[in-house]
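Shared between the two complexes below is chain A, which has chain B as its partner in the first and chain C in the second.
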Partner chain A sequence: MSRLKTILLVATWDLMKLRNQKVFVAMRLAWFTVQVLVFARAISYIVTRTVENYTGGVEYYYFYILGVYTTLLYSTSIARGYMVAEEFDDGIVEYHLSLPVKRSTLAIGRVLGGGVSTLIFTLPMMIIVYTVLRVRDPVIVAISLASALVFSAGVVSLVILLVFTIKSTDLTDIIVGAIDALLVRLSTVFYPLPVIASTGIAPYYVAATLNPISHMSDFLRILVFPEYYLVAPYGPLASILYLVGFSMGLLLLAIEFYEKKLETGGWR
Partner chain B sequence: MRRKAVEIINFTKKFGDFTAVEDLNLDIYENEIFGLLGPNGSGKTTTLLTIATVYKPTSGDIYVYGHSVTREDYEVRKLVGIAFQEPKAMWIDKAIDLLTWHARIVGYPREEAKRVVREVMELLGLWEHRNKYFYQLSGGTRKKVELAKVLIQKPRIAILDEPTAQVDVLSKHALWDVIKKLRSEGTTVIIATNDMFEAERVCERIAIIYRGKLRALGTISELKDSVPKGDIIEIQVQEELRDREALRELEVFGRVSVNSDMITIYSDKAEEKVVDVIDALRKRGLQVKRIMVKEPSLDDVFTYLTGAKLRE
Partner chain C sequence: MEVIYDFFELTTQAYTVALRDLKRFWQNIYWLAGQVAMNIADLLIFGLIFRGIVRPDLIPDYIRFITPGILCLSIFISSFTIGREVGVELRREVTHYLVSLPITRGALVAGRVLGGVLRGLMYQVGFLILAVLIMTPPTLDKWILILAASIFISVTMSSLSITLVTLTRDFNIQAAIRSLVYFVFFFMSNVFYPERALRARLGPVAPVALYSPVSMAVTIYRYGFGYSTEVDLVFNTAGLLLWSTATVLLAYKLYIRNLRR
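Then we have the complex of A and B:
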């Protein structure tokens, strides 16, 4: 069996789990629809029109719902990682490590599987957002999907590394929860970068600039509303290179970890 | 000379300060059913998981058909299949999905995978449960799903960690037949168990492990013979034995105790001595009503070697 085929087969492990979570996906979709169509509208009314000076003229509602989609993409990727923690707890990692598969293939397959299943999970939400935004260009949709996959693979790699290093359900909850809260808040998902700059809090601005969530949400914004590029300090090419670097770097670390360090036992 | 399938050399495994297995040396030969016998926590599973490359040795090494688990782990995994002690699945999994995925990942093409999965599920009586979620299955059925993975894989070395734990008695016998069939098809089988009946029934050679150390190794009869005076010859005679001289004569075979018409002799290799015992009694004019030779059980062997009971 070729290596690529084995990677794809490993990836189907996560897709198999997704198939058995239809009710969960439906509930999440219903909640997201309410969030985009009701709460996002309400929040946008509160925000003054002057914010459009910071969004390159993009209506805050549109700015916001792309941020909400990015947050969902991020939290779903984190949830895939939690599933790996649960698998560790249930001993499934032991099963995977015993399979006649190279460890690097297993690592790539799990990251790809986590990424693709996140993409499928969030696809209905993307359709809702792009319908509201009236995005019909298939190229924009294809690039959005590809970038979402790259971003998600990076986050899944990060969580897998954390889970396998921490080896504790409780500690994983605390640390991943803290990272989750910090990364989302120190990003541009809800506030444009010029607004963050105007606060004068340098660490906040630096964190938001280096944050992969900022790059993901701003990349989608520039893709859909090119005028946002006018206020974004980094262009789409810089953002996508940053995201690819983020994902590839973490994937390489995950591969290294699977090959050299990973063994089960000692889970708390 | 028999070919070594697994060679364990000075294998030690530690988890932090805890030593799970200490300086284990063991050879397992091709196409035998080998048993690792010991109570829970004795180091059996740690040894099996290291053979399967799930754990890495702290020191020493294990070779599977000459491939080191530390340096050639992928080569080892291509030769080994394992049925874990605790079935490996999440509550939302369905047996058929798990087994089909397993068949594909061990190399079956799509259609062939479907065929072999159905064949194995039918063999183990799992087909009717194929679409149930894992949480809906009984403990015994879950164990069968675990065993099914190995039967699908048909590895050169099958590792079965307590394969019939939680399985009902009728199914146990069926599974033992399946395990023997697996061996007859060319697979070397390594079983970890704390069930002495299972060990006696299925295994050809046994290693007794206790507190991470190898305490004994051999065939079942070799292990039983290792218990001094472990065999028991029970003789029921026509009348109560009052002849002191006859008693003294019997003592050459071993320690003798008399209770009314029952004579009990604790001896070694009783099967070889029983004829002489009968002759000695006849010479004294004693009529033998009934005679029975009992071997020590593996539990007795274990207790003799470790001072503990198998199920602590």
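Then we have the complex of A and C:
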């Protein structure tokens, strides 16, 4: 079997698991709807219109819901960590490593499968956001999907690395949860970068600038609202290069880890 | 006499279970440190940034507004950890060991809920001190109200976490349920925005938020720390009492059902 076919086979195995996640998708959709229809609407009511000076005239509600979609993309990718932890618990990782498949192929297949699963998983939420934003341009939708895939592949690589290093279900729950919460807070999901700069907390500003969540959400904002480019601290090209670098770098690290360091057993 | 003896026995057994849970809480010291840092970051980052961009006619000082919400969030985070532990026990079938202990099942459930309450109250102490520094220090009668609200909300949250975690043994779904509860309870409440914003955005659905235990606790905290002066204390205290009673009964029923499986 060619290497590409094997990668697709591994990725398809990940995708097949989506069929057992209907309840999970429904729950995520429920809380996303609460976030977009309740939290985002109420919080945008208390925000002054002066904030539009920092968003290039984009209404805060629209600014925020693209951030929420990015958060969901990120959290869903992070949730792959819980699935991999369960696989370890069930001995599936041992089974995978015993297959006549190159470890690097396995790593690429898992990351690709995880990324595409995340994309499919979050598609209903993307439809909600783009319907609210009245985005109808198929080119914008296609670029959004492609960038979302790149971003989630990077996060899935990160989480695979973490779970395989930690080797504990309980610690996975704690550490993955903490990283999830921390990175979202230190990003431009809630507020534009100039507002963060105005607080004078330099480390926060630097963290927000380097945060892949900030780059993803700001890239989508520029894509949907080109006027946001006027106030964005980095252009779309810089953001997409950053995201590709982030994903490729972590994918390479995941491959390296699978090939040279991954050992089964010792799971706590 | 026998009734008193039974009650004393149950209390002692529940206390022993609760102490075990409390000890285990301090074992995850890195998790605790991370959570405390996260809560303070929420208060500072969210409060500081939003203070600059919220409408002053609605909320004059966002840090003072959000502080009672953080108090409630601290209880949610710490009391809900008891559900995570019960979930791990169910998945790993530690429950077989638990039912073999020389304690009644009622005492076991009571102990678990009490463990969650103690975790919540202890975790909240630091944030109460922070609230005193940021807001107006409460008088003695207000401290009693604040303590009552904290006890009721932590009973509600620990019972709710036990109830929800017993619905499924799937780790992934357990984590998802935890997040869903957070989003529903905190976003459909007065934690992040005043009731006027909810009325403006949700129209006839807005009053639903008033019946949330989180809104009730936050309203009492805001009164206790001098942010609000006119609140319906009877409605909010009685409401919290009702929430905690209902969730304790539900947790008892579902946890016992799972222990018998």
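Definition applied: the second predicted complex is superposed on the first by the 268 of 268 C-alpha atoms of A that agree within 3 Å, B and C clash if a C-alpha of one lies under 4 Å from a C-alpha of the other, contacts with A are read in each partner's own complex, and residues count from 1 in each chain.
What we mean here is this: a contact is a pair of C-beta atoms (placed from the backbone, for glycine too) under 8 Å apart; a residue touches a chain by one contact, two chains touch by 3 or more.
Please read these numbers as outputs of a predicted model, since none were measured by experiment.
S.K.: Quick one: chain B and chain C on chain A, clash or fit?
M.R.: They fit: once the shared chain is superposed, the two partners occupy separate space.
S.K.: By the touch definition at the top of the document, which applies to A:Trp31: first (chain B), second (chain C), both, or neither?
M.R.: Only chain C is touched by A:Trp31; chain B is not.
S.K.: Of the two partner chains, chain B (first) and chain C (second), which one does A:Val10 touch, if any: first, second, both, or neither?
M.R.: First partner only.
S.K.: Determine, under the contact definition given at the top, whether A:Arg41 touches first (chain B), second (chain C), both, or neither.
M.R.: second
S.K.: On the A-aligned overlay, A:Glu263 touches which partner chain: chain B = first, chain C = second, or both, or neither?
M.R.: First partner only.
S.K.: Looking at A:Lys102, would you say it contacts chain B, chain C, both, or neither? Reply first, second, both or neither.
M.R.: So A:Lys102 only meets chain B here.
S.K.: Touch test for A:Glu86: chain B only (first), chain C only (second), both, or neither?
M.R.: both
S.K.: After the fit on chain A, how big is the angle at chain A between chain B and chain C, using C-alpha centres and going to the nearest 10 degrees?
M.R.: Reported to the nearest 10, the angle reads 90 degrees.
S.K.: Who contacts more of chain A, chain B or chain C?
M.R.: In the superposed model, C touches more residues of chain A.
S.K.: Which partner does A:Glu94 reach: the first (chain B), the second (chain C), both, or neither?
M.R.: first
S.K.: In whole Å, how close do chain B and chain C get at the C-alpha level once superposed?
M.R.: Superposed on chain A, the two chains' closest C-alpha atoms are separated by 8 Å.
S.K.: Intersection of chain A residues contacting chain B with those contacting chain C?
M.R.: Of chain A, residues 86 contact chain B in one complex and chain C in the other.
S.K.: In the complex, go through chain A and note every residue touching chain C.
M.R.: On the chain A side, the touching residues are 23-24, 27-28, 30-31, 34-35, 38-39, 41-43, 45-48, 50-51, 79, 82-83, 85-86, 89, 169-170, 173-174, 177-178, 181-182, 185, 190-191, 195-196, 198-199, 201, 204.
S.K.: Under the stated contact criterion, what part of chain A meets chain B in this complex?
M.R.: Residues of chain A touching chain B: 1, 6, 9-10, 12-13, 16-17, 19-21, 86-87, 90-92, 94-95, 97-103, 263-266.
S.K.: Can you list the residues on chain B that touch chain A in the complex?
M.R.: Residues 15-16, 49, 52-56, 73-74, 77-78, 80-82, 84, 86, 88-90, 92-94, 97, 101, 104-107, 133.
S.K.: Give every residue of chain C touching chain A within the complex, in rising order.
M.R.: 28, 30-31, 34-35, 38, 41-42, 45-46, 48-50, 52-55, 58-59, 84, 88, 171-173, 175-177, 179-180, 183-184, 187-188, 192-194, 197-198, 200-202
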